[in-house]
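There's a structure below that I have some questions on.
Chains: A, B, C and D, in written order; residue numbering restarts at 1 for each.
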């Protein structure tokens, strides 16, 4: 349960027995495939989820960046993002454990919709906690969760976003721990969550590795993935960690600036790997956006899926040890990359995923300085398209209009919303 | 007086308030009122931005206190400014303990090695000892992760109070009870903090599991009246911990703009009711093997 | 180019040379795989589109209907519907033909978004014609097309829906026929479109047939698909047509009623196979919703993708010859089925696809009369999930609220839109 | 007078109006005004709900006419009510021809065999012949699909006019010219119908391709003035077809609420300008082998 000094189980005592029970189930079902759990899981990922997702050569990006750019198409997974890999795994595990109720938190709504889908598929009652502000920003996702039969519980404390929703879900769990499983949405939280979520998500890199060998006859020189909590990142990296010849880039949300306003308790970014410090949040020791006293700061990103003050402990450890390189891309670069991929490849990415493409542009694009960073990417680059951007249309319109992204189509007729 | 001593002369009343709620000066008066009301130990909350174990009442207290400018440094000043003689327990989340006294910004900026740079809990504990705090309750620190804090507490002679939940049984219970000192915080029911209109059924069986452990057992979560207190103590508790019911008085006074003295009087009144309830409960207790 | 008496090439003379050229290209590239066209197409469908799509056992529906229900998951195709199969094929063909510009019509926006995606992917300029009323009803799809770099041209004549958009696109084609290819979105229009679109879509049944053999060890007893123009229908049926033991059900939109108001020129349904008569529209002889004089009627369906007065000539012929059974499901049944699939299987279907599930319920559901129809479905049923319902959230909310669908979640907080 | 005869005495002026636009009575006056203005043949549009070959001007005329209650049956009454002596050509889309005289609703309802039940184009042609129509232009019926209509026309002695587009070349041209009768409609440019401010460059080369075919060539699409007419005829056309420029006058009159006589006068004026232009153009024509 430790990654260097990171990780651990910093949770109320009331939850510890459930966490021990979960850890036991994780070891038996996930690690040892007891009762054929992993076979069942993989079959459902294939038939219900649509795996394997393709590893696609991006023809026009390859030309633009003068190297072979391949896309790992997690946007094609059922629900529109990699989130289902984990949600399906955990809900199935809860079913094997005899749990009777599922709870989950959600920020942008992607993890909530994935959990709601998995619960409908597996006939499990489900309640999702979501900050009231996020509910108003992501109404289509709220409606999708309800359509799938889940309850959506608004969280009104604090700023009403992901951080508060996680805390509130932990409170529910502490109350109903005996029959309820909490499906954490990323590689965060107390052990065994960071390891378990990584294992469920590692199907991404497992496939990508095999596909790269088939298509390229070799492993990629670099894998690039966006990093918020880090679940798509760890999923895309996990099976490559031992391949020392493959560089791993975790692209964080640089937001509007990396500068921090300690007075206001606001970090206008979500770059906890780049600018964060060590601390304990939501059950684990990891890198955090916090003030000098240890109070957690409000993070920011144009992409609500990256907008979180913490990051997975294993990813933080891999960055500390130098195996993973943490970089960041600001809101404007991410939005521009969102439009570029839409126009050049016919794939509208999630704003989260757009950050990964923003990094490609910043080091290998026509306006990039010749840099060692571009060399670091090498000849064959795999970029993880962690999700599709349909959920982001509304915010993309608004943000694009406000920022005047030069390659964007004319937005005038859409101001005021879809 | 040590924490355990506070439980020696009959049932202990352990009230909680968040330091600095809703402002520094009022909060000093409120805490002092608790002692007048009969408190034997006072749990003083240092507010953390993500209070995952708290219900809405204490969450709101945390917000008010933080907005009033409470910080760990101010908290220690607060303790020094307090005019109370009963033992004080600091209740807070581990990140604030862990981060205190950490390297300066300048050090942090020059540290590019990626190494762990926190000093850990020792500076916080040292400072707490210095201002006269007797122990800690840390809701997000289970026994498994408590070694560094335990060691610092031992070094400076502070107690580390652990929470025992209704779900805590068997080996886990042993592991906790090996580490606990001062008193054990018996969580009366599952869930988060918050005043309740009735007493949980789980309390009796929780206390029963703890019979064989030789440390004072203080029951918390949901106690809001003298009647509750009486029944809890009657069923075997060595003390009662009351937070939300008291915080409700602070919140109400704040909302209504009542002056601090009036609010303090109300706190003292409820404190006395709770203490009296606890004492009344003790007289109904079944015969109990004498404690050392 | 004929299916019995149906089909043909009823278009202005100016278009005939282009249609002959297209027919020639169709025969060379598609039928004879010249220059490896079909290999290229299939590779792109796989890597860009995400094929094969799964054939998934629907556990809870299987239980409900007391037979094995399998879902062909076209909702997982890139873009969210089967439409990409055809759009990618035609845009690629246009590229092989040396065309320099793509035009297309769209109703609900699914074909338009698929074409826009394919054009971005293949670097072709693209203009989409869309009725002004549809533009207002489907703004997210309009925005997706624009994001992918396409122009969207509003069509203001008539009622401003699909029928008018098709006519307007034909006008553009008649004007710019020399360098422009018109990507028709369904198995309609002049020859070779009905055959060509069927061939591009037949990958659905080709996969389903192979998958059924692998999973069931046999062919299904029935294949059920919704039918508007009929492209997902023909795609789902094509490879099964020669398998006489497999029954084929085309589920039309029964709308609010099958009754027709000749005076007003309105058919409050889109059931051209069930209630239509023979006629000539948009280039082909087929079954149509028309009045006694031959004027085309306004069709209706709660699902805008089925809302069309015609139907593919080959499908009409297969119904006439008895190979395909045409049935229909009304708006209320379709909406109920939309909610049922969302809740029971964790798949939010397009309102189009929901019609296919409505049919299952109507003949095999708990309230269905014991009927020969239920026997006709047999033991193994494949239902084509032609698309996902994300595009329909807004209308699903409105229509559900208006109709008071009893199994739907509470909609109150969503009235007034997402 | 047959259609071909109408081209015998110099260049023919072939105007188009949609029957019933904007209403039955006015439309009768408008069509009659065209004859007074010098029309040699009149193309009378029977509106179809999906006019895929028309530009906005005629699309709107179709809407007005349909809203005014025009149907195939009314159309034939309209022709009978018309007081003109020049030959009339019916311009419509194939579905209306194909569906006319189809079985009754009762028959349709009892027909469950799924067989094709249309009578085909024959009833329409028979009725058209009966009311005195001389021929057809069907924009969505290429030569490949024209056999049934051709046969009915032959049976009842009507001409079938085909459109030759700028893209029509080689074998296609031969195939069309084998079938055409009356005159050939030379489409002056790609696109849909609609008045243009200048004459298309494509006209000359289109006419050139048709030199060897022995049938009158009438050029249409975009002609809006006497000047256009003159140049078209000068470049070799045997006639000009003008629709949208005339329909514009109808539309404007309708919008402004002008009385029908005033609008009819305007139509007659423009008709005369166009006819005069055509005649003027004929005098500038290069020597041409005499036609039989």
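By our rule, contacts are C-beta pairs under 8 Å (C-beta built on N, C-alpha and C of every residue); 3 or more make two chains touch, one makes a residue touch a chain.
Chain identities (UniProt): A, C = Tryptophan synthase beta chain; B, D = Tryptophan synthase alpha chain.
The shown structure was predicted, so the numbers you read here are calculated from the model rather than taken from an experiment.
Put simply, the C-alpha centre of chain A and that of chain D have 65 angstrom between them.
Averaging C-alpha coordinates per chain places the centre of chain B 95 Å away from that of chain D.
Centre-to-centre separation of chain A and chain C, using mean CA positions: 34 Å. The set of chain D residues that touch two or more partner chains is empty. Taken as a contact graph, with one node per protein chain and an edge wherever two chains touch, the assembly forms an open path, each chain linked only to its neighbours along a line. The set of touching chain pairs reads A-B, A-C, C-D, using the touch definition from the header. Those residues of chain A lying in contact with chain B across their complex are 4-5, 8-18, 20, 157-158, 163, 167, 170-171, 174-178, 265, 277-283, 288, 290, 292-296, 319-322. The part of chain B that touches chain A in the complex is made up of residues 48-56, 59-60, 63, 66, 71-73, 93-96, 98-100, 102, 105, 108, 114-118, 139-145, 162-169, 172, 176, 187, 190-192.
Taken together, the chain A residues at the contact with chain C in this complex read 46-48, 50, 53-57, 59-60, 73, 75-78, 80, 116-123, 139-140, 143-144, 146-149, 339, 342-348, 389-390, 393, 396-397, 409-410, 414, 418.
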